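Note that chain A is present in both complexes that follow, paired respectively with chain B and with chain C.
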Partner chain A sequence: MEFLIGIQGEDFVLVASDMTAARSVFLLKHDQDKMFELSSKLLMLCVGEAGDTVQFAEYIQKNMQLYKIRNGYELSPKAAANFTRKNLADFLRSRTPYMVNMLLAGHDDQDGPSLFYMDYLASLQQVPYAAHGYGSFFTMSVIDRLYKPGLSKDEAQSILQKCLDEVQRRFIINLPMFQVRIIDKDGVHQLPNLRPKPAV
Partner chain B sequence: MLCVGEAGDTVQFAEYIQKNMQLYKIRNGYELSPKAAANFTRKNLADFLRSRTPYMVNMLLAGHDDQDGPSLFYMDYLASLQQVPYAAHGYGSFFTMSVIDRLYKPGLSKDEAQSILQKCLDEVQRRFIINLPMFQVRIIDKDGVHQLPNLRPKPAV
Partner chain C sequence: MSDRYDRAITVFSPDGHLFQVEYAQEAVKKGSTAVGVRGQDIVVLGVEKKSVAKLQEERTVRKICLLDDHVCMAFAGLTADARILINRARVECQSHKLTVEDPVTVEYITRHMAQLKQRYTQSNGRRPFGLSTLVMGFDYDGTPRLYQTDPAGTYHSWKANAIGRSAKSVREFLEEHYSEEVSASEHETVKLAVKALLEVVQSGAKNIEMAVMKRGEPLKMFELEEIEKFVAEIEKEKEEEAEKKKQKKAGKET
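On to the complex of A and B.
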């Protein structure tokens, strides 16, 4: 029921997550933050099993801070993604697997912007755009149609708006509000929460 | 008759009952009362229930009789029938029954009932995970069935 989306542009990554926290048919919260700042220029969006998401995300977050304290510099997005994947894979075949699906979005001074798709089976792939959840069925085809490499911020935001409108129009679950952030060379910036147009 | 449930079964069963009621009117010259129609519907649903082809439909029957006044019947897919002052079907009923329990009193006016309905639909929109953006509203009184404007509840956030 939860939804994550990320689109890489020319020198930034635009990410959005829904803000609902629900248990079976009940909506508990409509302002849940599903994004975790792993470092100044790396963001992790995390959905999945209740509890596992926050536990795993904070575990990775604290380990990244520890690395910075020990070594004096932060892990690059690619290294952080692989570190996260290794941890998830190790837990997968233990008695306590974490059921989390993630998008990691970051900006590196050498490599530029990067978006990583990771699922609960610890498969990791760098991709230009990605989505998690049932909403991905609706949005991937929209982005497939509209995406081109080297998008500007406005173009990426308009694609995102179209994706969220499509989810609101055709997805049976109510996802009324989305949190949007952008990561570029200057770090992580919060954009205004997006409310898609009502379906009817 | 408001009918929800298995895709196809709803329309098939509802039209079957509808046509049989029209047949009754043609044969006998007068329409079935709401209570009689409800019991007729229940009997059909119960007969189908233990056949090879049960209908998976949940219904509300709402009517007005010159002798008995207004009546609302709750019927579920197991063919249980009960006349009730207020009712709801579906997951939304988990949210709305407590609202109506709090606000209902016998002898509501039309405006009071509509305000309770608006509160119920706002609650569903606020706390139910499924998106139900638009509701059709009708009212049945001594002058028949009247269509009210479609209701769009307030957005959840």
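On to the complex of A and C.
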């Protein structure tokens, strides 16, 4: 029922997540933050089993901090993604696997922007755009049609708006609010929360 | 008599000494000097840089280490032991944040390191850590702190302290010159630390490493030029003092 989406542009990555926290039929929170800042220029969006998400994300976050203190510089987005993948893979075949699906979005001074898709089986791929959750069934085809390499910030935001409108129109679960952030060479920036257009 | 009681760490001597711990403290006295001064809005650490061999590459940051964004430390004694201790402290800083969601207080991490050191004075098969540390930083309520640990595992809070070679004379110097006025001014606090180190380090700025931390700001290592500026200022003050004394003397004599 949760939804994550990421779109890589010219020199940035635009990401959005829904803000609902639900248990069975109850909506516990409508302003849940599912994004974790792993470092100054790396964001992790995490959905999945209740509790596993925050536990795993914070564990990775603190290990990234430890790396920074130990070595004096932060892990690059690619290195961090692989570190996360390795941890998830190790836990997968233990008695305590984590059921989490993630998007990692970051910007590196050398390699530029990068978006990584990771699922609960610890498969990792760098992709130009990605989504997690039931909403991905509706939005991937929208982005397939509209995406081109080297998008500007405005173009990416308009694609994002169209995706969220599609989810609102065709997904049975109501996701009324989305948190939007953008990562570029100056770090992570919060954009205003997006409300998709009402279905009727 | 003592040679029968200093083999094993876990053996007291008849007059109540743990000789291994005392020998570890001797190892500390051989290490290069480190000075720490706590101001009201700034905390300063200074260390004596041992001169490197001709063919050795000089690495700038070695003896002042960051434990977390708001805590750092300097040490005197066995560098290899320090590496282990610093690593454990760094992991503990993050572990603490993971479990209680708050950054460590300076006292907590000092206590953790001290407890670790004490554990090594009470188990057999292990020798004590041969180093003393100066831990400084700001708690999240903004209070500046400076703590010192020693190989026995004791720790105390200090306004200003020195460890390592000639620590006693540097500490006496600090006792003479530290005052509330000095601690209120950031510039004076740094100058006091440099002055104290210059008592031991004869060769000047190029054998001194300084780091400061201000409330809410990350650790800042000083460049050589900045240290040289302080040294120049101190030298000028010394000369002016000497001039004044000479004139006074001359005035008395005539």
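In the analysis below, the second predicted complex is superposed on the first by the 200 of 200 C-alpha atoms of A that agree within 3 Å, B and C clash if a C-alpha of one lies under 4 Å from a C-alpha of the other, contacts with A are read in each partner's own complex, and residues count from 1 in each chain.
Everything below uses one rule, namely that a contact is a pair of C-beta atoms (placed from the backbone, for glycine too) under 8 Å apart; a residue touches a chain by one contact, two chains touch by 3 or more.
Predicted model only: the values in this text are computed from it and were never measured.
Peer 1: Check the contacts made with chain A and report whether chain B or chain C touches more of its residues.
Peer 2: B
Peer 1: Regarding the shared-chain residue A:Ile173, is it in contact with chain B (first), chain C (second), both, or neither?
Peer 2: first
Peer 1: Have a look at where A:Met1 lands relative to chain B and chain C in the superposition and call it first, second, both or neither.
Peer 2: first
Peer 1: If you stack the two complexes on chain A, which partner ends up touching A:Phe26: first (chain B), second (chain C), both, or neither?
Peer 2: First partner only, chain B.
Peer 1: What is the contact status of A:Arg70 with respect to chain B (first) and chain C (second): first, second, both, or neither?
Peer 2: second
Peer 1: Tell me which partner A:Val200 touches in the superposition: chain B (first), chain C (second), both or neither.
Peer 2: A:Val200 sits against chain B, while chain C stays out of touch.
Peer 1: When the two structures are overlaid on chain A, which partner does A:Lys62 contact: first (chain B), second (chain C), both, or neither?
Peer 2: second
Peer 1: Where on chain A do the contacts from chain B and from chain C line up?
Peer 2: No residue of chain A touches both chain B and chain C.
Peer 1: Across the complex, what residues on chain C touch chain A?
Peer 2: Chain C reaches chain A through residues 61, 66-69, 87, 90-91, 93-95, 97-98.
Peer 1: Show which residues of chain A lie in contact with chain B when the two form their complex.
Peer 2: The touching residues are 1, 20, 22, 24-27, 30-31, 168, 171-177, 195, 198-200.
Peer 1: Under the touch definition given earlier, write down the residues of chain B that touch chain A in their complex.
Peer 2: 91, 94, 125-134, 152, 155-157
Peer 1: Considering the complex alone, what residue numbers of chain A touch chain C?
Peer 2: The contact residues of chain A facing chain C are 58-59, 62-63, 65-66, 69-70, 72.
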